[in-house]
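Each of the next two complexes has chain A plus one more chain, namely chain B in the first and chain C in the second.
Let's look at the complex of A and B:
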């Protein structure tokens, strides 16, 4: 009897282990372990091509990246330009689209919503190839339309000035709907009372937007921006298909640069150090955003 | 006393023997005679006996037409030898990755690997593949016909530090494709020097509506670099000198790049986004009077589904630089593959039997429809020359072709150079500045790999 009761207590006390364990194991296996592995790798020199395994080099990889590698700074600059050129535009357009869609209450909304997500659910490589065809300077659709309007053709991905904006344009096309959908969901979840109060007080539409909708929506906005920001940092497929980092280094963002070091030149330690720098940068930016969110007294769902 | 002396002598003799054996043993330890097992009197390539009947070998090959063509007739090989062949025909990057992983891990997954000429230093130099002289000695001369291969091809694709590691399979060389109808109409001669090439491009540019003077592969990448290699070498430049000191910022290199850039005005507006496909298509669609391209674009030009210029194009040597003695120095860029046997293969003998069969002179003409071979007999054949327009130009180009550096950091060096070329061609930096930066990057890379102190 006593033993069985002890077993019962044990079961009640520790049964959670069985529920939590699978998740913990999976997390350990696919997140924590690779993180630690790559951190340790980043402190070694290891080139797959060469015989001989890992050679301890301490912080050499990081020092080399930060102080010797002439292209790292270029890649970093391109990355930040890319972020600055895509996320804010996606946000502004996404917000506008969300506000418009919010007004539409007729049945067509279902159709609109579905067609809106198409760019975001397409395989990124397909998006890249479609845009590559459109950007083709001789046979592409975009230059055809420019010609119809009597404008000179643009060498979209071929010239160092227009290559990065061209990639940004494809990115904006692909991810604005995602932004719009999140913001639309946020709008639809807003409480009705403040709006009713505003109507009673005789607020104009502009005032309602400025003083009620936007402040109430800001937690969702920050989350949406955060997700896109982290995603943009990791952009790879568009660059890979559209420009391959060229012309020169004009579209070589950090993630692509890291890929080349890892899988083209096989400097695994160096590539790991590069990815760790990427992780640190993204984390710092995310922390700053979350902090401003908290300090303004904005609550985020689950945060 | 006597005994002691005796011991001393004995000991010293023993020590000497041990030393001698120790010194000689390592030489034998890596000798292939320990690894391969061939029945006495057996000759590869005669197909009179089938000692490896029932074995299955795994062959990795790059996804190019000739690989598919070989796979298609592999049942004949099985009939001749009883050896079954599993083909792994893989796209370039996948092949590179998979072969590298299996060879460094020593899994023995592949019995035959396909080696790009720029990987030879890595595969043979790092000891991933085995030298095959002992196998060659045991091979029927008529089936192997080693002297029928173009020597430059064998040494560039199959040899490393004076040893043979494999036989050529798939061949490429740069040359000039030009439109015979346009050249005839405007009475233009085929350009022999780079200056003549530019003059011809200028004079033919847009003479016919929509037909530019020249087109080439200008997108940042390996093709841009290979095109430039034709120029830098003939101008007298090199990537680095014999001590691995980078020289890619030399006067000759800058001159070559400035020359290359001066072709842009006579090319289609999008030329700096062209890779292999775009460039071949542009020429096949009749958008240019000339193109500097590998010979392997020619099949696109005589393919009725893809080409509008059938019967109106020819292939010849790349132009060069006129030397003080009046001769012209031409350095067509060279590319190609060889079949090699990994150290960890468990069926080395069967693998060699396959390599000999796949590159035999009998099979060569039957594979010609896919891609040209590397043999004099095939390229010289007048019937084949009539059928395949590029053969004559290849026969001229291959013996004088020049290979890219084959050291392990090749792809990293190439990438640094490609960035500089692209920057200079698009005009975002001057040729001298771009190459100066590439040179310091070269130094950084060569130091890291230990080539440069």
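Let's look at the complex of A and C:
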């Protein structure tokens, strides 16, 4: 009897292992093991097409990337421009849209909210096709609108100057509604009391926005920006369909450069080293995001 | 005076709202419009607004290209992946939500951080591993690999749903002599079934939409829908009819499913960062 009670306590204490272990084992197998594999590969030189094994090169790949690879620098610059030109714009526009929609209390808000969701949950490849259609220099809608306004046509994704802004514009279309949706949910979950107090004190609409709404909304804003920042590094589908990284390298962000090194040039070691630089960068943002999530529960009205 | 400014303000808001949603809805509308045009109408400039719609593209895409196979491949991959992610994920989520042990929070956040990894980082080693296992270009390969993002997502979502359910019912069942696993299966799981359904739908959509892994890990046999659609974009030119019709067909399940999970979308899209 006593032994069985001891067994019961043991069981109660460690039963979680049986629940959690299968998922953890699978994740170790399909994520952690491959990542370690790629870390090791990044210390070697290996072309998957040419015959021959892995050649140990130590940190050569990383040194090459950081100090000798001009294309890496270009990709880094494009990545920076891409992030700087999309995430802040999405945030500003998204906040504006959220503040407009926040005032709508009629039934139509349900339809509007559903429309906001679509761009971010649509198959990204199809978003790319949509914009390829819009940007088509011969029959696209955008050049048609320019013509209506009496402006000359633009070779949107075809010229090195306009290609990156074109991809960014499509990205902004795809993700601004996501920002708006999150910020709207955040607005709707704000407590009512500070507003009542502000009305009693005779605060203006601008003051309410500046001193109450924005500070209260800041945790939601931080989460929204961090998520977008993290995901922007991983942009692939849109670039693949719209430009394939070109013309030249004008739209080749780091993520795309890594893909091309691995699967067009087949330099798996070098590409692994590139991908590890990406992992480190994204992990830093992810850790900040997780830290924000851990330090406080952030509430937003769902749906 | 105040009445008039109020009215002007209201009109401005309505106009702004219409503009915003015009911008959101117009591009997909153009996709649809092109998909029901003949090849000649589709290439016309200025674009034709009035034309005789045709379903030619929707019929021919099935007749002259393996579009049905792309759909079936996508369905197989997405359904199997959803099933496995849900089984493994809800078990783990229950364990993490109900048993607070040393490091349980760390495990939870470790799992969440996996969801945030850039897929490009995993694709090189996974390609080599799958090649050596000889399962490249099979649905099984994608079923397994989509777990890299869908399993952490499921764990994280379901953990939230389990935490929202009071544990008293489960505790009384345990005292009555039910085994832990029975409590999970017969009591806890039915209680979170709406959350389970929402998670399943989101996981399905993520698999359905995935492109990068499918592009690299499939060749000719296991081609999924997004990769299949891209094949209509050739060096010699783009088959706009097929591309747009294929795009619309790919979006249909996504649109229907999205409407079903409205309530959980903010939570889902922010990985539970916002509750």
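Criterion: the second predicted complex is superposed on the first by the 279 of 303 C-alpha atoms of A that agree within 3 Å, B and C clash if a C-alpha of one lies under 4 Å from a C-alpha of the other, contacts with A are read in each partner's own complex, and residues count from 1 in each chain.
Heads up, the rule we're going with is that a residue touches a chain if its C-beta (ideal position, glycine included) is under 8 Å from a C-beta of that chain, and two chains touch if they have at least 3 such contacts.
The shown structure was predicted, so the numbers you read here are calculated from the model rather than taken from an experiment.
In the overlay built on the shared chain, the residue A:79 is in contact with neither chain B nor chain C. By the touch criterion stated above, A:263 is placed in contact with chain B and with chain C alike. Judged by the touch definition given at the top, the superposed model places A:245 against chain B, while chain C stays out of reach.
Judged by the touch definition given at the top, the superposed model places A:147 against chain C, while chain B stays out of reach. Of the two partner chains, chain C is the only one touched by A:227; chain B is not. A count of residues in chain A touched by chain B and by chain C gives the higher number to C.
Once chain A of one complex is fitted onto chain A of the other, the partner contacts of A:48 extend to both chain B and chain C. Touch criterion not met for A:61: it reaches neither chain B nor chain C. Once the two complexes are laid over each other on the shared chain, residue contacts for A:138 go to chain B and to chain C alike. Within chain A, the residues touched by chain B in the first complex and by chain C in the second are 48, 138, 263. Interface of chain B with chain A (complex): residues 97, 100-101, 104, 122, 126-127, 218-221, 268-273, 278, 282, 287, 408-409, 411-412, 415, 418-420, 422-423, 425-429, 434, 437, 440-441, 444. By the touch rule above, chain A contacts chain C in their complex via residues 11, 13, 15-20, 22-24, 26-27, 30-31, 33-35, 37-38, 41, 48, 97, 100-101, 103-104, 110, 112-126, 129-134, 138-139, 141, 143-144, 147, 173, 177-178, 181-182, 185-186, 220, 223-224, 227, 230, 233-234, 236-237, 240-241, 255, 258-259, 262-263, 268, 271-272, 275-276, 278-279, 282-283, 285-287, 289-290, 292-294, 297-303.
Across the complex, chain A meets chain B through its residues 48-51, 68-71, 135-138, 153, 155-160, 243-250, 260, 263-266.
In the complex of the two chains, the chain C residues touching chain A come out as 13, 16-17, 20-21, 23-28, 30-31, 34, 42-47, 88-89, 91-92, 94-96, 98-99, 101, 104-105, 107, 109, 111-114, 116-129, 144-145, 147-148, 151-152, 155, 180-181, 184, 205, 208-209, 211-212, 215-216, 225-226, 229-230, 233, 238, 240, 243-244, 247, 250-251, 254-255, 258-259, 262-267, 269-271, 273-275.
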